Structure formats: C-alpha cells, structure tokens
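Chain nomenclature is as follows: A, B, C and D, assigned in order of appearance, with residue numbering initiated at 1 for each chain independently.
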Amino acid sequence: MVRFENVGLRYGLGPEVLRDISFELAAGSFHFLTGLSGAGKSSLLSLLYLSRRPSRGLITLLDRDLATIRRTELPALRRRIGVVFQDFRLLDHLSALDNVALPLRVAGAREDQVRAHVIELLTWVGLGDHLHAKPATLSGGQKQRVAIARAVITRPRLLLADEPTGNVDDKIAVRLLHLFEELNRMGTTVIIATHNTGLVARSHHPELRLEGGDLTRHARRGAA
Amino acid sequence: MVRFENVGLRYGLGPEVLRDISFELAAGSFHFLTGLSGAGKSSLLSLLYLSRRPSRGLITLLDRDLATIRRTELPALRRRIGVVFQDFRLLDHLSALDNVALPLRVAGAREDQVRAHVIELLTWVGLGDHLHAKPATLSGGQKQRVAIARAVITRPRLLLADEPTGNVDDKIAVRLLHLFEELNRMGTTVIIATHNTGLVARSHHPELRLEGGDLTRHARRGAA
Amino acid sequence: MRQRLAGLARRDLALARSDRRSYVPGIVAVLVFLATLALVLALTLAGAAGRFQAGLSGTLTVEIPVPAGGQAGEARLARALEVLRQTPGIAAADPLSREHIAGLLEPWLGKFAGLEDLPLPQLIDVRLAPGATVDLAALGARLETAAPGTNVDDHRRWLVSLQRLARLAVGLAVLIVVLVAAAAAAAVAFATRAGLSVHHDAVDLLHLIGAEDRYIARQFAHEALILAFKGGLAGLVAAVAILAAIAFAATRLDAVPLPAFGLTGGDIALVAALPLAAAAIATVTAWRTTMRALARMV
Amino acid sequence: MRQRLAGLARRDLALARSDRRSYVPGIVAVLVFLATLALVLALTLAGAAGRFQAGLSGTLTVEIPVPAGGQAGEARLARALEVLRQTPGIAAADPLSREHIAGLLEPWLGKFAGLEDLPLPQLIDVRLAPGATVDLAALGARLETAAPGTNVDDHRRWLVSLQRLARLAVGLAVLIVVLVAAAAAAAVAFATRAGLSVHHDAVDLLHLIGAEDRYIARQFAHEALILAFKGGLAGLVAAVAILAAIAFAATRLDAVPLPAFGLTGGDIALVAALPLAAAAIATVTAWRTTMRALARMV
C-alpha cells in the first residue's frame, strides 16, 4: 500500500528534515504518526499526498512508483487519497456544504447524489446546523470537522489526517477517531499525525515515531 | 480588571451564543476558559480583545467601560492586551521575526530595542533557528509559537490565549504554560481558552466553564 | 445538461470577487470601442467608394481648354459634340454651362469681380450606354483633329485613388482590429496569470483534491468570458452612441442614424460581433494561459 | 530620522505584491500622457500667440483698393504715403511690391497665367514708433481725402482672435488637466478601496494589535505614491518622446526638439511637475480614502 525506501527530504539548501526513511504499511492498516513539533510529520504526509517529491529515495503508493508517474495520472491517484490538513485549507467563500462537496464535484459526481451524502456526513460530525455557514463564521473545532468531512466524503483508499483533533474537545476527538476506525474497517488505510498522547494511548494502533529525521515503529497492546 | 454584567452576544439573527454572562476577574488572576467546541469560548475572547461589541450587557476592562469608549482610544487600550488567536493570524509575507516585532513597531518602539528583544523571545520558544522563516515554511506548532510570542512580546496587562497548545506536543505545552505563569507572576491577568484537559488538570488555576451560553466558575486545588 | 451547465458555471475559486478590481472589462471596453470606430469608418469609406465608383464608371468628361490662338470657342465645342454624338456607345453628351464651370472653380479662385472676364475652359459631360465600352485612344484622336487640345478624362485617376483609399482604409481597420485583438489577449493573459498567483492556495488545494487542470482552467476561462463580454458590450454601446451622435449631427435632424453611414446588414453583423469576438479571444487566452501555467505546477 | 523613514516605508501589508495587478500605474500613465500633450500644445500656442501679437501690435497695414474710376494707382499710393509719413508717431511706411502682393494671393488664386494681368490692390506696411499711439479715426479720415477708398487695418481683428484662440487653448488645457486629476483621484480611490477589501484580514489584525488608523493609512498612501509616480513618469516620458518626434519631423533634421515648441523654462518645469502632481494626488487620495474607510470599521 505505502512503501518508503531510503527516502530523504530537504527544503531548499536546509538540513534534511527526513533522512533515510524506510517503512512499509499494509493495506487496511491504521497508524499514528508522532513526533515533536517540527519533527517532520506534516512533511512526511505531504510526500504521501503528492504535494512534494522526495529529495531522494523511492516511494510506492497504491501500487504506483511515484518517481515514474506522469502528471496526467496524478488527479486519478489523488482522488483515492483523503487529506485532513493541519491548517484545514477550507475555501473561504464556500459554505461548509460546498467545501465538503468539493472532492465529489471535482470527480464529476452527480449533483443529486452529492447533496444528500454531504448533509448526512456533516450532521454526523455535529454540523447539521451549520450547513450553509462560511468558514469565517465557524468555530475552530467546527472548521476542523468540516476539513475532516471533506477528507472522508469520497471514502478514500488512503486517509492522511494531520493533527485532526487539535481544536476539538476530548468527546468529539473520540467520536472522530471512531469515524476513522469505521473507515479503516471498510478497507481504508489510515495514518494520523498527532500530538494527542491521550488519543494514542487510548487506542491499540501502532505508532510511527519521527525523531531527528528518523522513523521508528512502536506496536501497542499486541496489535500489528 | 475584567467585569461582565449580563452580557449577551448573538451573530446576526441567530440564537444567543452567550447569554446573560456575569463575572469578575481580579487583576493578576489566571483562568482557564473551557467548554465544548462551539460553546462560545472564542466569541467571549473576541469581546475582550475589542473585536466585537456585545449585543447587550456591560463590559468593563482595564477600568474602562467599553460601551462609552471612543474609537480613538481603542489603539491605546488594545496595546495593553495580548492575544493568541486560535488560527494564529500571522501575516504571510512577514518573517517570524517581523511578525513578532509587529506590536512593538505599531506602538512606535525604537528599532534597535525591538530586534534583540524579539530574537530573545523567539529563541526561548525554540524558534531561534527560524527567525527569518515565513509562516508558510513553518510547521503547525512553530506557527503557534510565533503567535504566542507576538502576544506576549509587549508584556501586556491582559493576555488572552485561544487554544494556544492545540498544535504542540505536551513538553512544549508545559513550557508555554510556564511562560504564561511567568507573565502572570509579573502582574499580567491571563485567560486561556483550551480543550487540553490534561493541561487544565495539571495546573491549580480556576476554570471558567461555558455551557449552553452560560458561564460557571470552578476553583481547583484550593486556589482562588 | 443542467449538470453540465452547473459544471461550467462552477466557481470554487473566488475569482469574481477578486476580479472586481480587474482591469479586463475596462481595457476590453476601450479596445472594442476603438475597433468599432475603426471598422465602421472603414466600412463606410469602402461603401462610399464603391457607390461613387459605380456612379463614375459610366461617364467621361471632355475638356476643351481656353483657346490659345484665338479660335472661336463655340465652334470647337460644336465640333467636339458632333464627334461625340457620332461615336457608338455614347448615350449622351451635354456641355456644362459657363456658370456651372465658374461654380466648380469658385472654391479655388474665390468670388472676385474679375471672374466673369476670365477665359474659362469648356467641359462636356459624357454618359456611356449601359455596358458599352469606348475606345478612348481612337476617340481622343478624332477629337484632336476636330478640336485641337481637347482632353478626354475617363476619371481613371479618380477611380484608382478611390480604390486605393478604400483599400487603405480597410487595411488600416483590419490592422487596428488585429492589434486590438492582440492587446486584448495580452491583457487577459496578464490578468489570468495575476489571478493564478492570487488564488495560488485555492488552486493548489483543488489539485490536491484531485481536480484536473481542465476543471480549474474552465473557471478562469468562464470568468474571462464574462468580464470581456461585459467590457466589449460597453465599448460597443459607447462607440455606437458616438457614431449615432456624429450621424445625427451630420444629417441634422432628418436622419436615421446608421443608414447615414451606409452600412449593409452584413457590416452591422460584423460590428455587432466584436464583443463576441472579444469574449472568445478572452476565453481562449485565459484557458491557454491557465493550462500552460498549471502544467508547470506539481 | 532613519527611524522615521523606516516607519514611512513600512510594509506590513503585502500591498506591493497584490498591486502587481494594479491598474493604477497604467491609468496614471495614460492620464499624465494626455495632460502633458494638452499642456505642451496649449503652452506652445499661447507662447506663439504672444510672440505673434508682440510682432503685430506695433504695425498697421493700409490698403488702397483696385482703382474703380480709372484713377492712376501710383498717384494714389504716393498721396497715401505722404499722409502717412507726415503723421507723428509713425516710424516707417513702406509700400509692398506687386510681386509680394501676388505672392500673398497665390495660395487663394493659384498660379495661373492671367495673374500678371489682374488688377491688384496696393498695400502699405506701417511701423509705429515704439510706445506711440495713433488716432486711427483721424488718420483714416485724412487718408480718405488723399486717396478715396483707402482702408486702415490695425490687425485688431487678428489680435482679438489670436488672444481668444490662446485663451481657449489654455482654458482647454486647464480643463483637461483638471479632468485628468479628477480621474486619477477616482482611480486611486477605487484601487485603495479594493486593496482595503483584499487586505481586510491583515488590516483587522493590525487594528487588534493596537495600530492607529494613521499607521495603516500611511502604508496605502506610500504604495499609491510609488505606483502613481511610476505611472506618471512613464506617461511623461512617452509624451515627451512623441512631442520630440513631432518637433523633429516638423523641423526636419536641424532642430533641437523642445525649443521647437518654444517652451520657456517655467513651462518645462510645469510639465515636468506633472508626475509629481499625480503622485501627490494619489497619495492624498489614498490617505483620505483609507482614513475614511477605517473610521467605519470597529
């Protein structure tokens, strides 16, 4: 599903943020990605959602070698990946509903199917009363939930969530974790970057820890 | 220092987000502001940093009745208030250093004093290596720390921090809490809105809890 | 179909809002204004030249100069008329009156008292039978023997310069229209590139969500189409207003505006198509610019 | 001082970046271009009128018409000259030669063979002593008795229409400059409001941080100053290039460009000040627009 071989990443002439990272994630697995602030979690995820190419090394994703992929193939590949960005990246002038509907519309879904589906999901994350609110009128946690809904609306094969619970209370955090686990049960491979040690501790999923540019794997409670 | 009397707030024609809130905070006090996502924490803070006027009720701040204040008096008052916004609100085209220096420059500080002071503070929050980085090249937690540095650089009389530890790991969170406590010891009144129950639990400061538009006060470990 | 239309009008990018400060409508308005004026004036000139040419081409003018050696003017005129009327293909030959000739000269000589006493040349207006051709060389030779010094003018010089003028006007108009089209394309390309940089983050997000370049380019093209069409329409309306005012002033009070410029239905269609052409150019330019710029992104 | 300058040039708002797509420099360039042309042409016209007037105002022309009753022309001329030379205040009175007069008429009559035989009026060029005034009515009466039909022309008609023309040109130029200034102010005000809405979030942040309106307005004013000055300079350069080309073409190859327009140092300073004026207008407009808009914010 995801394979890194000796991957390194540096920005411009700076030091390597990631160095010599190798790992492999099975399809349908669920991992936390942890590390101190500035360790490179978001950078690693950006390699996975094809926003950046590594400075060196090989990445295989959804059975495709990213080094050889052509530009015209990117959209199809990206549509199978859902991303919750750390800073949400909602479009300011679109309502919550339109923001969440975006990946469906971009993929050419029929409008009548889009609406019902989006409303259901937004209601599930507790935003049934804010369907037509613009991001500027939403609270921090509400924006975060819109971002999460947008990432999962297409039931992607791979879900990447960057600090998806930084702005919500513990109750909602647990609820969102359940959402991710539900998707995971249906076959989605999930990677969640987080500082929320409580969340990581409460679950049984393995942890990928970034430290000084190196990645180490930590199993928990006997899970793979 | 801060006094609310029957304060209510609604957005447009919507329901009251805050209703009939009355409380008083002593100068030099330290409070957490908690509540579920969407409870109105950020809204309450926005009343305090003079971005919004209440729909009803009276607010007294730094010995000024906000209802009678004139526009020309606002800048002077605002300079005595430091704010960490939930979404940081850094200026994209300014470096970390210039972002943090902004409140000093706006207040007309001398350039030679600004620089040393800003560099010292940024180093203290762990960004000594990123003085000249633009926000777009900073990690989530790094941006948050720049936002915090900008809020405290002027040693404000009143510090309002909205979810200031949502994007940093626990170690940095504790360090930042120490920073706030240090300021508090020197006389700054501090209010921190947060979901981080661990942070609240670890400290001995009283908690203001927002629920359904109402505010209740919870002391902890025998503190005021 | 509704689905498709919704797709075409999609505005994920807040282009419209940021383009309130766009200079595209203004520039396109000015350009279409200029193009309309140029085109109408050129078409008018070409039309007038065509009609004038049609009026001239069946006529000749014979000039009998001021007598040099004292030969009686009247006798020479009569002999010339006789020759002309005997020539097959000539339908009529009428001498112009002395007053008529003096009137033709007046703009050059001014009205002065000595005019009556000036010796004037004599002119004969000749109309050919429809479709007839006349051998000018032979006619000239016969007139020379009948009345020495006689001069036959078939207006060819006039016709040639009229044609040259009309061709020049049309050429200039075409040049102006081409320049205008190029300027419009450049303005739209510039605005599109600026828009891409302003909306860089949103464009980037759409890419990451799996949008194809076409999906994004369509929005820029759609926006350019609307802006250019609005501007073009404004420019056309302004130009037509000015032309109507000119036509009105020229014919005082009893004129229907456009026919005064003698435009045909085809001409009017051509002019009315300018805003559409501007919109088309803008759309294609914005599309191409966006596609090319996006291809350079990751 | 360095401190103050740094404050003036502060750019917390990314105005410069977003204003790469600003239409302000373009519009100001066109406006200054027009204003420069208008001003230079008006100043040239006014200068020429002034010089021409200075040349005419010490002179008279006496015209003795074509003899009506066969009286000898030469005798009438001699008598008129005598009268003139005896009149105090007249410094010189010289008859113009027949060739000179024919030359004056030629543009109107054309060069035709009969010209030598035409009877022509006679003209006397009269120069007054510096500062002297002559009673034209009395002079006219005396000339009438000496040579009946004689006509004294003090060029007043010319002078009046010259003055009227010069005043009209200057008035038009002033009008154009005023319109241009108004248009520039409107464009800058519009751009500033657009900029305020684009940078609303940053402006809001500066307010919350304790910035006074002046701090923010200064940045908009500074940006407007730079954009307008750049545009104005471009417009001035373009206009000067065009004028130099015209001057060069007019005087062929042996001319220094600007003096051909007869501008004084003051005129040139006035024209060169146009970009500065544009920058000043833009700065004040941006400042006022920003201050007024900010006063409406919380």
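Simple rule for what comes next: a residue touches a chain if its C-beta (ideal position, glycine included) is under 8 Å from a C-beta of that chain, and two chains touch if they have at least 3 such contacts.
Nothing here was measured: the structure is a model prediction, and the numbers come from that model.
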If chain centres are mean C-alpha positions, then the most distant from chain C is chain B
Cα-centroid distance, chain B relative to chain D, in whole angstrom: 63
Quick one: chain A and chain D, Cα centre-to-centre, how many Å? 70
Rounded to the nearest Å, the gap separating the Cα centres of chain C and chain D is 33
Where chain C touches two or more other chains, by residue: none
Among line, ring, star, complete and other, the chain touch graph is ring
All chain pairs that touch each other: A-B, A-C, B-D, C-D
Can you name the residues of chain D that touch chain C in the complex? 18, 20-21, 23, 26, 108-110, 114, 118-119, 190-191, 194-195, 198
Could you list, by residue number, the parts of chain C that touch chain A in their complex? 3, 6-7, 10, 12-14, 17, 201-202, 204-212, 215, 295, 298
Given the complex with chain B, which residues does chain A contribute to the contact? 11, 36-38, 41-42, 86-87, 126, 137, 139-142, 145, 162-163, 166-172, 195, 197-198
Touching residues (chain side chain A, partner chain C) in the complex: 49-53, 71, 74-76, 78-79, 83, 89, 91-94, 98, 102-103, 105-108, 110-111, 150
